[in-house]
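A, B, C and D are the chain letters, set down in written order, and residue numbers restart from 1 in every chain.
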Amino acid sequence: MQTQTLERMESNVRTYSRSFPVVFTKAMNARLTDENGREYIDFLAGAGTLNYGHNNPHLKQALLDYLASDGIVHGLDFWTAAKRDYLETLEEVILKPRGLDYKIQLPGPTGTNAVEAAIRLARVAKGRHNIVTFTNGFHGVTMGSLATTGNRKFREATGGIPLQGAAFMPFDGYLGENTDTLDYFEKLLADKSGGLDTPAAVIIETVQGEGGINVAGLEWLKRLEKICRSNDILLIVDDIQAGCGRTGKFFSFEHAGITPDIVTNSKSLSGFGLPFAHVLMRPELDKWKPGQYNGTFRGFNLAFATAAAAMRQYWSDDTFERDVQRKGDIVADRFKKIAAWLTEHGVEATERGRGLMRGIDVGTGDIADKITGKAFENGLVIETSGQDGEVVKCLCPLTIPDEDLQQGLDILEESVKQVIA
Amino acid sequence: MQTQTLERMESNVRTYSRSFPVVFTKAMNARLTDENGREYIDFLAGAGTLNYGHNNPHLKQALLDYLASDGIVHGLDFWTAAKRDYLETLEEVILKPRGLDYKIQLPGPTGTNAVEAAIRLARVAKGRHNIVTFTNGFHGVTMGSLATTGNRKFREATGGIPLQGAAFMPFDGYLGENTDTLDYFEKLLADKSGGLDTPAAVIIETVQGEGGINVAGLEWLKRLEKICRSNDILLIVDDIQAGCGRTGKFFSFEHAGITPDIVTNSKSLSGFGLPFAHVLMRPELDKWKPGQYNGTFRGFNLAFATAAAAMRQYWSDDTFERDVQRKGDIVADRFKKIAAWLTEHGVEATERGRGLMRGIDVGTGDIADKITGKAFENGLVIETSGQDGEVVKCLCPLTIPDEDLQQGLDILEESVKQVIA
Amino acid sequence: MQTQTLERMESNVRTYSRSFPVVFTKAMNARLTDENGREYIDFLAGAGTLNYGHNNPHLKQALLDYLASDGIVHGLDFWTAAKRDYLETLEEVILKPRGLDYKIQLPGPTGTNAVEAAIRLARVAKGRHNIVTFTNGFHGVTMGSLATTGNRKFREATGGIPLQGAAFMPFDGYLGENTDTLDYFEKLLADKSGGLDTPAAVIIETVQGEGGINVAGLEWLKRLEKICRSNDILLIVDDIQAGCGRTGKFFSFEHAGITPDIVTNSKSLSGFGLPFAHVLMRPELDKWKPGQYNGTFRGFNLAFATAAAAMRQYWSDDTFERDVQRKGDIVADRFKKIAAWLTEHGVEATERGRGLMRGIDVGTGDIADKITGKAFENGLVIETSGQDGEVVKCLCPLTIPDEDLQQGLDILEESVKQVIA
Amino acid sequence: MQTQTLERMESNVRTYSRSFPVVFTKAMNARLTDENGREYIDFLAGAGTLNYGHNNPHLKQALLDYLASDGIVHGLDFWTAAKRDYLETLEEVILKPRGLDYKIQLPGPTGTNAVEAAIRLARVAKGRHNIVTFTNGFHGVTMGSLATTGNRKFREATGGIPLQGAAFMPFDGYLGENTDTLDYFEKLLADKSGGLDTPAAVIIETVQGEGGINVAGLEWLKRLEKICRSNDILLIVDDIQAGCGRTGKFFSFEHAGITPDIVTNSKSLSGFGLPFAHVLMRPELDKWKPGQYNGTFRGFNLAFATAAAAMRQYWSDDTFERDVQRKGDIVADRFKKIAAWLTEHGVEATERGRGLMRGIDVGTGDIADKITGKAFENGLVIETSGQDGEVVKCLCPLTIPDEDLQQGLDILEESVKQVIA
């Protein structure tokens, strides 16, 4: 594999090619192939962007059909037949069956664009600047989103501009099992000199992806919604990584039975790995004036086509949903087993997650890196997350065949044993 | 045409569908077709995103071939064969022949992501926070970029957070023909109490797109580069709208013979309307640590394929470049004629532009809107820009057939006369 | 009493004249006299500015002697004999006996100027922007200090500029008796994605004045110092209200046996109610360049004279210190008794404080206001503090005669009973 | 003279004691005396704080009388007889005869406190954050004021926090004699994408003190007022250095016949060198809620006494005013002569100023420092200002006896000749 050009020309900022220093050429569902023809099981799936697998044939067909028709590929925010179909499908297949009533904003096609639009809308709607976010939260790295992202690596790379407009609260479980961290939040909201500026909104991931597969309890989420309602604060669920079925429901917040005021989706929203994002908002919050927030790639027509196809294919009934939950249980069981084995062998480890968003916390990034490094040698692409990279996480395609899932888990287990032994 | 769903579900923030309230279904090169089968000449071309036209067959073929091969569509910032081919083509076809030596960063796929990365890199590299930007500049609306964007509509929609980290200088010509605005900039740089924090970088569009097709003089640009060099300030050319051939050269700064330290490209970079952006930087500026700036859609493989095809197809020799300049002259001549007619009929108007980035300043947004509205009735999609929307601008595909170009110009001229008569 | 001019001409921002709507003319030690000749016991003492009483004769003599000598009154930061005497006295009487080694900065003459200088010095010395401050902390209202002040009333009066550069942590006891709030701080410091930017410094009042006479435990303060040391974070004690003997020691942090890196003093520092402040810093932290922080009234010579006199008069041995502690016990005993009576009569109340900085928390600002209003009718000037104004606080002169102290306490007790009965 | 303690204990930030490294002990009107008994003529006068001279006997008597009466020295913002007398005198002696109708806010006792209060009030009143300030302006160094101060030395000493909330415009004359800099301001105000956020207020010194005795033209000031009125922008005159008679009128803006919406005074306001400041505001702008802006030393009663005495003594008729203008002419004539001599001897120099606020621009700080250094050797305390310290400035007491004024000017002229010869 020729990598000199890649090494010479690409900025030092590159990261995944350091963990997986091969040149990939092809991919299908849960399998990646490198230039030498070697295959890898993919437990990373574009960090949750490929919930329906690589080159999903249903979605590829939709894409090819659209291209064959000479449909509009790029049209700024023109009305197109593809956009209309996307909106109708979203309403019929996703929103109505869940009793949800949202308007849709199509910001730039990435997660951070959606978050920037969402928090700015919240500020405009409420006339307040402060956004409450949570420890270990990740919401993107453009300057507006970055203020709500906890990671120091990114926060310190602003070149000297302190981030503003956000305040951090402890996520569920952050202060130990016996402390409900919302007590602190509620106390600060009521305290006229506690230092917390009255927030416009709270932004939260129900399961924190980059932060280490930290799972907010369902009762905790319900209480959070209640606190927001009674304090006239908007609730934004950032469902960019946990949404689109990752936790076993289309929206991750469905498990808790809550209704956010604003929702962001991206990553797997197009279904095919195409850049795409939307913001959902309760209709009465739509305080935007025409053109107040823009962007060249707002509303990508190829993504409208694949996203609509994905919704029709996977979300018209609950078959897919149940299958994800079944596979999630398989991963959870194996992860628990691996964690137990690690603990027995002197490495304190625990399993956590929801649906197919699962991790094993092995205590340190050092050990986690050894495990994922060994796994890659053994044919599995898997990454870590958490503040120190201490969580080995599984974000495999939701469509992964059972045999690939088992093989991936086998490789992981074997790699753990090779590293620790 | 059914538009109820679109009107009901899409946020008020929508904008182009207000000027062009039809549902588009198909497009080919410089022609759009709506759901009723009506055709329009396209002088907007995705605000400069479709320099090679809609559904360009060369680029579509590259896309279809890539899809047929089951190539990686989404791979975070994995090394892929498509990325390698993109980098090699960029180096061979674009950089080397122009004597340029840059490293490449692949940020998120939109312009504002590229600008956020570029200005942050400048700050990190220089250890200073201030970015000098220019009156009527547009560099995106995420919070970091927005600080460098002059438009109040966007700046006032932050929900109460003042923008920070940028200072505005008057663009070339802003203080009238007899004032070199760089005198003011140079005076402030030397003044220890002038209020200008020593900048990390200057960011500039050589021709301002959204700002009103304001053209920086070539000598002025050379002097700007010289001021930057002698004050240890980085020069960033934001070539998102003016680049990729729009002004008649691949990079808009080639006309001035300057070499920016950092360059941003997006819009037409993929060639096919796919979301895609890169940042070019002088190698010694690459102060990023691994993973310090990230994003899910950094490096979109379908765009690598089409972008490489576009470079090979259009930039291997100077045929295309000369053709763009020839068409630019056609537009310029006609725009001068229209401007003269307007002036004769009591509407003071002037033509300006470079290459195929051209406008007629008709004095007020009100008149400009009437003209573009009438043009749409007559079958031409054309938009305005400028602080008050007072400039009718032509950003037609560079590949537009001569007969479509003439027809578009005819429609415009006729519309002008209908409006003013 | 003529108050029309005062009501007409003074801005709505006026506050104490609403609680005490009389025109005061004279004052001596702990007694105020209004224009009608009515006397009041003063339990407010300039919110802690008059620790040595009104018109203290020792200090007045020093002032008159200085004026009689035609000494320099205002000299920017000139060297004067008065400044030299101040520095020598501070060193001999205060610093050396306490084993402290500090350099002195003379910022503008108010507390907020001292805090601005202190936190800016910390940022410059550490090259980090973040200052950790605590819930219910008050450190002034100019924009730099205000970021570290918790009170929403002030924070919301910036006219739309979000405050930046500070993060709030829970003060000792904020999360209930069983939670050591420093656990949370320490966890966040260690957490790479917890959202806490590594601080340059912590700023704390050992007893929060405006925040409600909240007393930091001595072990908690020791642990805070230890956390700062082991994380390379500076410890700033804001001793503007709690210092100069108020808690029974010259510096409030002496009780805990800790040594801050930076200390701010103002309020009672001049001893005579003259505007005056200084910042003490460990010598190695003095990273200022000449003239980097300035102000017209830095170093007020009349205050040098009275401040030196106050140190010599009251701090040359421990007589004064022991007397303050004795009086503090008197107040504490009576406040406990009053609190117990309140609780018995259905108003849950508690006493707290250190030295002569003491309060009764009566639960709501409404009840507290009724008590202080009634007390004023009965001849006692006393104020409230706390987030809702729920704490009736005693900040009487440390020099108050025992009979005045008893009389003041009697009035308070009687007023409480009149209000609640 | 013993200076070891001073050198050892005072922070490096000290500045004037570097230019004048002696210990001063006494002062009377325009003469300072050092510890060795040497006398100096004072052309600095506390940087404009001692307009009525050191230890002015009229004002000292008012101070001694107040002290003898046991009047309240410190009373937070209590109503006192001294405050009432101050307000009445201000109204009768200053405001009414000038046709001015203002309410008064008493912020902390320094200039920067007054500026923080003034700009915050403007923001609250207008609901906008932006304050327009001018090149070479100086308005204080606390974080709010510092944003409006041009000096890089201070701006870079924030420890990494970019200043926000202000935008700089070129002061009168900044772009050369033939350019009216308000054209640029007016163009930017009208320009919807010029990058200037609609300001709440403009803040200006009519003669810039620290910035180099830059004098705004009277017609220019009138036009500025007009621009503010027609754009609904408040006009704040920062009269801290130029006010209290320095330019020959009580308020420096009287020369131009304009009426600011908000005025700040400090420095010479107390008359005796006591820390004191106020903010004047048009009554309808008084949008403060009670207690929204506070500070321990707001309203210093000793200063009320001396300030009222100063107004009565010097401003009851126009005798003093005319005398200041007469002396200003003397200084101007001599400065012109010196400037001409310098120019003849190869040092391009010019005189400028208004009233007794006058300077000679000698081109570089290096030459200016040599001149003021030599002058100090010769018995004259005089300082420089300007962005490079290139302006030798005269801010002598307005009460300086003619013989002292002549002697000071003689020393300066002689020193210039010694340095240049």
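Definition applied: a residue touches a chain if its C-beta (ideal position, glycine included) is under 8 Å from a C-beta of that chain, and two chains touch if they have at least 3 such contacts.
Because the structure is predicted, anything quoted here is derived from the model rather than measured.
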Study note, to complete from the structure: If chain centres are mean C-alpha positions, then the most distant from chain A is chain D
Exercise for review: If you tally contacting C-beta pairs, which comes out ahead, B-D or B-C? Let me know.
Suggested key: B-D
Point to revise | Interface residue overlap between copies chain C and chain D, same or different (over half shared) | key: same
Check your understanding: How many angstrom between the C-alpha centroids of chain D and chain C?
Key -> 31
Review point. So how far apart, in whole Å, are chain B and chain C when each is placed at the average of its C-alpha atoms?
Key: 57
Check your understanding: Which whole number of Å gives the spacing of the CA centres of chain B and chain D?
Key -> 48
Check your understanding: Which residue numbers or ranges of chain C touch two or more of the other chains?
Key -> 129, 153, 160-162, 164-165
**Study point:** Interfacial residue positions of chain A with respect to chain B in the complex
**Key:** 2-3, 5-6, 8-18, 20-28, 32, 35, 44, 46-47, 49-50, 54-55, 60, 63-64, 67, 69-81, 83-84, 87-88, 90-91, 103-106, 108-113, 116, 119-129, 140-145, 147, 153-154, 157-161, 164-165, 200, 240, 266-267, 272-275, 279, 281, 286-297, 300, 302
Practice item. Report the residues of chain C in contact with chain B in the complex, numbered from low to high. Key: 160-162
Exercise for review: In the complex, go through chain B and note every residue touching chain D.
Suggested key: 129-130, 133-138, 149-153, 155-156, 160, 162-165, 167-168, 170, 174-175, 179, 183-184, 187-188, 191-198, 210-211, 386-388
